[in-house]
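The two complexes that follow have subunit A in common; it is paired with subunit B in the first and with subunit C in the second.
Let's turn to the complex of A and B:
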């Protein structure tokens, strides 16, 4: 598992590559929580190069989404592969998380929320 | 796709999970399993073996114990794939674990029970039996 961070305007994008499993969930949680703890409120995780996720990894996404919700922030996940998306559907995450097909669609999700506010 | 089987012996150590996942993927590729089936089997085995390693042998929940053996067997008999996990840990029937409420809103979603729920959703048939002093979990899935 590797992550890469970039900024697109006020959105922080973390791209996650490889396998998010029991051993890599803790380092990934540290990276994601560090971004939130330093004050970022619009966080997007680009899951395009994410090949595998298990329940330890799913918990990290759930924790981050919960935390951002309490802080009036937003977590958006984009570009999930069909297998990863299938797992998100099975666990009911597609109904509680912001999931976009692409980065562009993900960025629009943040803008739409601002328009509603 | 080819018929075949493999038996993997693991010690109760979290470092073994990565080895298990690697062997399962290699086995799946060698036997030309469809990507979706391989992903499902890989994930179901990962979840259940991780549970055994983390909770099956420890007196205290979450404490890791070394030296115990877990035996995983995978059989490909098209159109079906069967997996079996045998461990000498304390008695545990994953089918008795209640499913998380996946309809709950985000703030009420709980972190526990995700792995067992996933395994049950990924597999077509799951049976548990206690063969004292061992737990035997059998999972099967139609290959597609």
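Let's turn to the complex of A and C:
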């Protein structure tokens, strides 16, 4: 598991590569929480290069989503590969989390939220 | 080979240094001997020449006397024998150095017809006495003192002789020829005692044990420390080479055997022109070398002291190096024994030793710190493992492990197994009867680990059991449990669950799937199919969700197989997933076997698939077979 951070306007994009499993969940949680703790409120995780995720990894996404929600922020996941998306779907997270097909769609999700506000 | 540092240092420094010392010593003592010999040569030659010159001066002074007499005779002033004899008496009386004097004429040359005429005056008890030498018994014409001047027409000194008549002393005669009308007429002579000469020679101090001697032109000893040898012994007999050189009037310096004691000596010699003597000074080798030996002794003493001082310095130097090393070794032993509080306190002036001491203490300190850290880490790890064990115990205590659980019920068989992973955990299952006619069973997986996950699992199970009720209310129950769990969790923990309610009378199923794998139906005819279930969100992830349940129907002999992702996501050594497809294939082989064989068979296959790769998640399986509405009981 490796992450790479970049900024697209006010959106912080974390690109995650490799396997997000029981052993890599804790370091990934640290990275994600660090981003949130320093004040970022629009966080997008680009799951394009993510090959595998299990329930431990999903727990990190859920935790971050819940935390951002309480802070009036938003977590968007984008570009999930079919196998990763299947895991999300099975656990039902596609229904409770913001999941976009691409980065552009993800960025639009943040704008929509602003428009709603 | 074990060699102590001090030994090694002494060997490698002191040995070459000693060799060097010895070499220098040898060279300088050679030089010292050479210098002493050169000095002796220089000094002895000068001394020999000086004494030779002095003796020569004395002899030449008296040798003027017969020349004077000869001139007087040649002046023809003497007309009678009485005139000559008066003159001669006068000469002898006026020259105390002279023992006697004679004027000897050729046959009949002074008084015609008188064959012998040789008046001779000599001192007898201080007074001149007269003797007529010439007579038939004493034919002076044949004597050396007369014959040699006559034949050579030269002034001569006769070979010394011992006069036991008048003088009782070693005498020599100076003989000077005189002429008349160009022809040899006779000789004028004086006799002198060599007593003074020998006294003078004896008075010469030659070193401490050396001596001087004088030889005549024929090599006989004129002056010699052994008086018995005087005029008797001959240098030619004892040392022919030296004798030859001395008699030939050379001067020189030779290392040879001295004639008196026969010892090795350096001999300096110089000719005494008058009288044909040669003076020699003898420097015994012993004494000459004694000077050098003294110098050598001093040098050796200094060298010995130097080597001793060097050895001492080396010894103390080596000790000052080896002592800290010894201390260091002892300290290292202490540290090796585990005494990490030990500190080196070496107050050595050596920079390197100070560095070493510092490094050693730093190492010990660091080691101590590492040990403490390690102890702390171990404690933390033990506590962590304790916590894991507690979690594991909670988890395991919640799982029913006694099979068959309802031996009196013939309508169904049930078997479940969990193969926990050491660390993670989170899988659970349970089953119970509801109002005798319904069997409720489920398999779940808490996302998380440790005590929080175990407790979350316990809460989930309790909630489920408390909320389970008759069929038809499953959706409501899941929704309620979900909201309860959402209120409990704040760490993003959630649980996936597959829940089933089997009507033991009809085989009707109600299945609630919250983010979990659908169960697999093993038909009595051996076919296998995954059941279609409504997929709900995992419990505890989000509040106020609507949950839906699915329904199904089992035929008698059909079985339902529930499992967790530990099965499908088990990894092989190559990193491949076990997968749902393989599970279905395995189940097809196991479909008609008793439920325990089904569960064990799947676990075995997963283990075989993983081979030696470490299990990364709990693996749980549960199988229920409905035998039909058996009313035998």
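Here, the second predicted complex is superposed on the first by the 117 of 117 C-alpha atoms of A that agree within 3 Å, B and C clash if a C-alpha of one lies under 4 Å from a C-alpha of the other, contacts with A are read in each partner's own complex, and residues count from 1 in each chain.
Rule of thumb we're sticking to: contacts are C-beta pairs under 8 Å (C-beta built on N, C-alpha and C of every residue); 3 or more make two chains touch, one makes a residue touch a chain.
What you see is a predicted model, and the numbers here were worked out from it, not measured in a lab.
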Subunit B versus subunit C as contact partner of A:63, first or second or both or neither: both
Partner chain in contact with A:96 - subunit B first, subunit C second, else both or neither: both
First, second, both or neither for A:86, with subunit B first and subunit C second: first
Partner chain in contact with A:22 - subunit B first, subunit C second, else both or neither: both
Those residues of subunit A which subunit B touches in one complex and subunit C touches in the other: 21-23, 54-56, 58-59, 62-63, 66, 90-92, 95-96
Parts of subunit C lying in touch with subunit A, wherever the complex brings them together: 424, 426, 445, 447-449, 490-494, 496, 514-517, 535-538, 541-542, 545, 565, 569, 616-617
Subunit B to subunit A touching residues, read off their complex: 14-15, 17-18, 21, 35-36, 39, 42-43, 46-47, 50, 100, 102-107, 109, 111, 114-115, 117-118, 121-122
Subunit B partner contacts - residues on subunit A that touch it in the complex: 19, 21-23, 52, 54-56, 58-59, 62-63, 65-66, 69-70, 82-83, 86-87, 90-92, 95-97
Subunit A - residues contacting subunit C, complex: 21-23, 54-56, 58-64, 66, 89-93, 95-96
